[in-house]
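A, B, C, D and E label the chains in the order they appear, each numbered from 1.
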């Protein structure tokens, strides 16, 4: 029997994968993709819960999360482009001007 | 007029400061003169206090003013509540008296950024007077902290070569103590509220009514005492003092020694002791021990100094140790002695700092070894210096003796008998370090050619010292006018601290203690 | 049957998610991510949210991922990443494991106790998912919807301001 | 009923003199005027003192108090500006003003041409004022004003030649050592005040009341012993007794008239006076009395021994002063208050005469050496000799005074010293040991005083040849005081001729109102002795004194080579006493240097390294901590994210597993 | 269907969103205006924006004591929201006033800058007035996205790029956690409406200890804690503050921080009061950590912007103390403190804006040497702000700290307060050091920026007035803050 917990666990696994990606990858764009992965796992969780609870609020939330993700993507990529223009890199280990 | 005498007196310097900002920056003498006039006016405003005989008979607060200030519903209220009694009376007068002298001393000493210096000095005067007249603990705290900033700048901008270290040290030492006091202040307030007292602001007279259990008093007293002890300064938290004094400009040293240090002792008298009588009794042996150590320690360290100003600074540690010992004797003689010694220290040590300043202005050094044989070139200076030296030593006939004698006698009569015995050795040591210094500076052959052309004191400098000399002998020979006005207030204080008559307003069982987390 | 299908798709989703974080070439990562998104769309359908599935594909796979790929190409990042992992890869992985443990613990031991509403699959069948979403979105979620417009405006303005070459 | 309303004028005159000279002296410039003002001031006091003295003689009431104003009034402590005029203070007044006047007069000539002439007279007047306050004060605090005031003036006058380092050192030493004594005085006063007050309800520092209520403390008790011992510590400081005598010899750095006035005739006797003043108290503490007697005797012989080997004329006199003060303490220690005061008085006469005489000699020597352009020490007796031809008046007066101090019969010192010796063995508090020591000291005194006389006035003229022709007698303003004092040295003793010698001992009767009650109450007095025993004692004293003189005559007059041989054969002993038993060095090693070292340690070790070290160390620690924490701020997004995840894990775990 | 429309129309209550509505409309209008203005002339836009903020301010004030709800309970314009709206508007206005000349100096006179600030302010307003987790989330995103852009606004400056990118990556990362938390809470309660969540837990207290609730709260908190800058989620703060354009740093340290506090307070106090013992304990620890880390690291900083960033972390720690107390005084103390902090911190940054040279390489301690003599007015103002940051009377910083500590003492958290004041003592050191350099050191070189732009001076003067007013006569505002809490 397929329960909501299946989806929740799957969401947790994907979330974790996203987290690991953020923590380990060097490429800023890949990191951003991992964040997208995290958001998607949250979306999955929302929709599963929404389905389970029989109300649409969760799905609507996902709708907005998607919009937010789109906005973030636009801004994030613009930032990466500007950074790349100056530094020829989007490697987060090259973000080393500001520290300590 | 008399209704608002205290406010007028306290805030007049601020008015002066504002007016000062409109004076041309370049004309240093105009600015100095203006400031001098302001401080003298303040002195005359405060003068009626000295001639009011009500203090001879009444222990309570007079010239009270009360204006609601901050009120946040049932959270808390603070009021502008001021007044003066026999204890604060003399410190107020000391402040208004010393300030013109300090300002006058800057005539040739301060030449850079005169406007800034004078503005700070006036701000400082307001803060000091405000602290002495406050009857609201919160108000007191505001003024108390406000004093830090002008002094910090005075040391830091117009000080000697190690001024930054000294200024920061001064600030941090003093602020650390007062921050802990702040916690205690808040705690007392809520304690009072929770024990059912309808507090009108942080009124100290109402706080006196609160019966606080001894174990809580302990902590609160420690917080207050720590703060005040740093300001006094008591051993072992005195180390900011030598640095601050050494680096501060003459006027700053004078104000610092004469008035600012009294904040600490005044704090003990006004707040720490009457608010927490049980804890006071509990800690007296310990604090008295620190006082006595301070007396001897300050003297021994002073003895070995090779910088005159530092020597005088350490002598302050010693003298303030006497004051605290007298205060902790908790009898009339000790307290009166402590009070009069506060004034004495203000006058004598203030004068000594001025004297050091005179030397420094002439020679730009304070190293004892640079001097010697000055008595020959500067006889008037030598005489005044000698008188102040002996006043500091506590020669009978000068003010120092009256204070020290009463303190030691008071301490001897109290439970601090053995402390008094050890403290009395301070009398010997004072002679050792002061006379040795005097000898090295004034006596001997005039060997250093740089000293050949030293000029004796100018008219201005003599005018500066004359009022101080007057008080040296006045207090030394006829101190009763001072005593009779402080006695009722001190007796009341004794009753509060020793008293059997403190009426517990609330049964202790009813009080819900906020839990410590 | 459904369960098996779930496990199959979940396997694909997790595998492609794993590839996202392990692929050397960002392009490959992006492709894997698109794969994951498709799997999620499948789940949305399984969860009776076909509209969300459509939006998922349109917005995520269609818009966002294309944008990302576009940028990757633009910046020519394919060959650049010799070292794909940061120096603290072990710490990151370990932290991930802990996150996973805690996350699974929460979702497994926690109870989904929320009030059960009346939007059952039957209702969705009847009314239609898109209609339901539309109704809700333009009534109860009117304000958030409008806020989103501002959000997107900001994003547009911001992207232009940032990416514009010269003043 | 006699009126003493103008008692306050007695100290006032010198004070005025001091103020006038001090403030205006620089403007006046004229030495004569300055000297006249100073001398007149003290002389006026002398006149009033004399008038009041005779008034008191004829007065039936012997104790008079006069309160000018309240000084300190704090609770139980009520201190007045008040004077006490009784036979004791009357006598002291005469001595102080009388000898003081003479010395002022003498100083006019002696200080001629000195820089700061006005300053000198101002100080001298101030000293007289202080001394008079000390004597007249009706309570311990007013006495303490005088007590410290004379200390101050002593400081100022010792340091008069402040450009000399030795003078500055000596001045400081005098004050500081006196302060040690004051420490005792103050503590004694506190203990007395507190004990009387808290235990018996008598809060007082007034002498009359102390005298009246002292018995409440209980005779022989520990507290009264402690009180009196502490007071005695004060006395040892002021009166240069063991262990605090070391300042007095150094004090000779001051001008010679100062040595005469302050360090011989008046100030140093303040301790004796103080004990006499509080005789009621001391009498109750026999243990203290014994200590006083022993210390007095020990000081007497100890100082005399040092006096044997000094070559500086003033130093010899200084040690002799210490020794004589020892006699006085021995006297009060054995209960012979009258004898102590008696010896105080006669000593004031003859010692002042000796000092002034030596001053006259030094003056002449200085003058002569100066004209001869020689830098020899004008005070060193080895440079003198044969001066009697050049300075006959000085010689005669000096000789008379020496005879007096040596205790030659019929001279004043004989009567007073004899009385002390007599009491030392014969009183209720006496002991033959004390007597023996005192007797031996008397012999030593006779010896070294005559050694001084012979080395100075007799024998070969050892000064430089060129200087000899410049030697001449001092002017009249110097010699007149010498003559007056010499006369007093001879006849001053006749007020106290004992019954044994068919006298009436007028002094004893005069002082009876002060001491009588005490002596009677506590049973202090002479044990009954046969006249033969007493005559025997007198004879012993005379014989010892004579032998001392004869030995001096033998060694320094008849066989001038002998001293050198003696010294050579007792090299070690000689060096020890010549170097004053190394007491100064021992004190330095025991007290001065350790204190300095302690001060340095506390400053550099404890203050700077310790407290500031901790404070700055805390600061450093925070900085180190700061530096360490800074590293976490690596700038790397990964680390930031990892920290966030860890924080998240901890927080969630906190919630979940709470 | 008819009903639905009726209901929808009934729920459209513009009064409930009036301030943000006005502001966004202004923002869009200004965006248009800026397009038509010639390049580089941004001054009219700046002043228009100020006008917009002032107008919005009056609109906001009109809502005082006149609460409005609407949009199906997604927003509530209550006193709480109004108080925070004023904070946002003040910080935005002060920021804009210092920006104009700064942008020209640094070579980025771009008109879009101002609408972005206005939108960010609007986002903050939604965070403060949102009564649904979704509204708050969206407000947060509007705010964040604007700030990502603004932080990276100097696109030719690597520092600015780096700041924007770091902020962006970590911000999105934190958003993930926030969303996950919201999802879990949704799973437990079936709603995202704050009032409903609160009611749900009130009716079903058993579910409070549901692990999903607890985990959700934990994850949810992280999103807010990140924005507020609480240790250990603070690490972006110094880097971003240092790299961002200085006015933006000023803005970020005041407005958005307050917004995050507003949303967080609403969630904690209205949705999760039942969990108060748990979160009080947690915030106790976090407050201590935050104060210590912020203050201690600040000590070893030489770049003043970065130092102020760490100091802002420490100040968050003080504000958290009020949250630990969670009583009326504590919470209203937070409100007061945030307002006070707005004045003093923006003031301090404003001085830095004027003190800096192009490129701002001189905003180090050494660069400030002798500042007091070269720019006496600025230095005095800076001293007042620093004194206020230290918490020395009679300044706003002291009053705020007093307020918060009073709350904590009343609630019995004495040791927390003691730790707080000891931290203040540590903070003295680095604040004083700035004063030391300004006044006690001789000037190293001349300062390049000679002109004193009127707008920036106005901003500084306003800040000084605010700091002193709140310090000397805090009663009125404290009273207002008291009325502003739930």
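Rule of thumb we're sticking to: contacts are C-beta pairs under 8 Å (C-beta built on N, C-alpha and C of every residue); 3 or more make two chains touch, one makes a residue touch a chain.
Bear in mind the structure is a predicted one, so any value in this text is a computation, not a measurement.
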Worksheet item: If you walk touching chains, what's the least steps from chain D to chain E?
Response: 1
Worksheet entry | Set of chains whose contacts include both chain D and chain A | C, E
Worksheet entry | Most centrally placed chain - per-chain CA mean versus overall CA mean | B
Response to the item:
Contact-pair count is greater, between A-C and C-E, for A-C
Discussion item. Need the most distant chain from chain D, centre defined as the mean of C-alpha atoms.
Written reply: C
Worksheet item: Roughly how far is chain B from chain E, going centre to centre by Cα mean, in whole Å?
Response: 42
Discussion item. Between chain A and chain B, what distance separates the C-alpha centroids? Give it in angstrom.
Written reply: 64
Worksheet item: When the centre of a chain is set as the mean of its C-alpha atoms, what distance in Å lies between chain B and chain C?
Response: 70
Worksheet item: chain B to chain D: how many Å between their CA centres?
Response: 39
Practice prompt. Pull out every residue in chain C that's touching 2 or more other chains.
Written response: 86-88, 91-92, 95-96, 99, 102-103, 105-107, 112, 114-117, 140-141, 144, 148, 151, 154-155, 158, 162
Worksheet entry | Multi-partner residues of chain B (each touching 2 or more other chains) | none
Worksheet item: For chain E, which residues are shared contacts with two or more other chains?
Response: 134, 138, 141, 145, 148-149, 152, 155, 164, 166, 169, 173, 184, 186-187, 190-191, 211, 215, 238-239, 429
Worksheet entry | Pairs of chains in contact (touch as defined earlier), listed by label | A-C, A-D, A-E, B-D, B-E, C-D, C-E, D-E
Worksheet entry | Of chain C, residues touching chain D in the complex | 86-88, 91-92, 95-96, 98-99, 102, 105-106
Worksheet item: Which part of chain E faces chain C closely enough to touch in the complex?
Response: 4-5, 7-8, 11-12, 17, 24, 28, 31, 39-40, 70-72, 74-75, 107-110, 112-113, 115-116, 119, 122-123, 126, 132, 134-135, 138-139, 141-142, 145-146, 148-149, 152-153, 155, 164, 184, 186-191, 200, 204, 207, 210-213, 215
Fill in: chain C - residues contacting chain E, complex
102-103, 105-107, 109-117, 135, 138-144, 147-148, 150-151, 153-155, 157-158, 160-162, 164, 167
Worksheet, complete the sentence: Residue positions on chain B within touch of chain E in the complex are 69-73, 75-76, 113, 141-142, 145-146, 148-149, 152-153, 156-157, 163-164, 167-168, 171-172, 175-176, 179-180, 182-183, 186-187, 189-190, 514-517
Practice prompt. Please give the residue numbers of chain A that touch chain E in the complex, ascending.
Written response: 8, 11, 15, 18-19, 22, 28, 31-32, 35, 38-39, 41-42, 45-46, 49-50, 52-53, 55, 57-58, 60-61, 64-65, 68, 71-72, 75-76, 78-80, 82-83, 85-87, 92, 95, 97-99
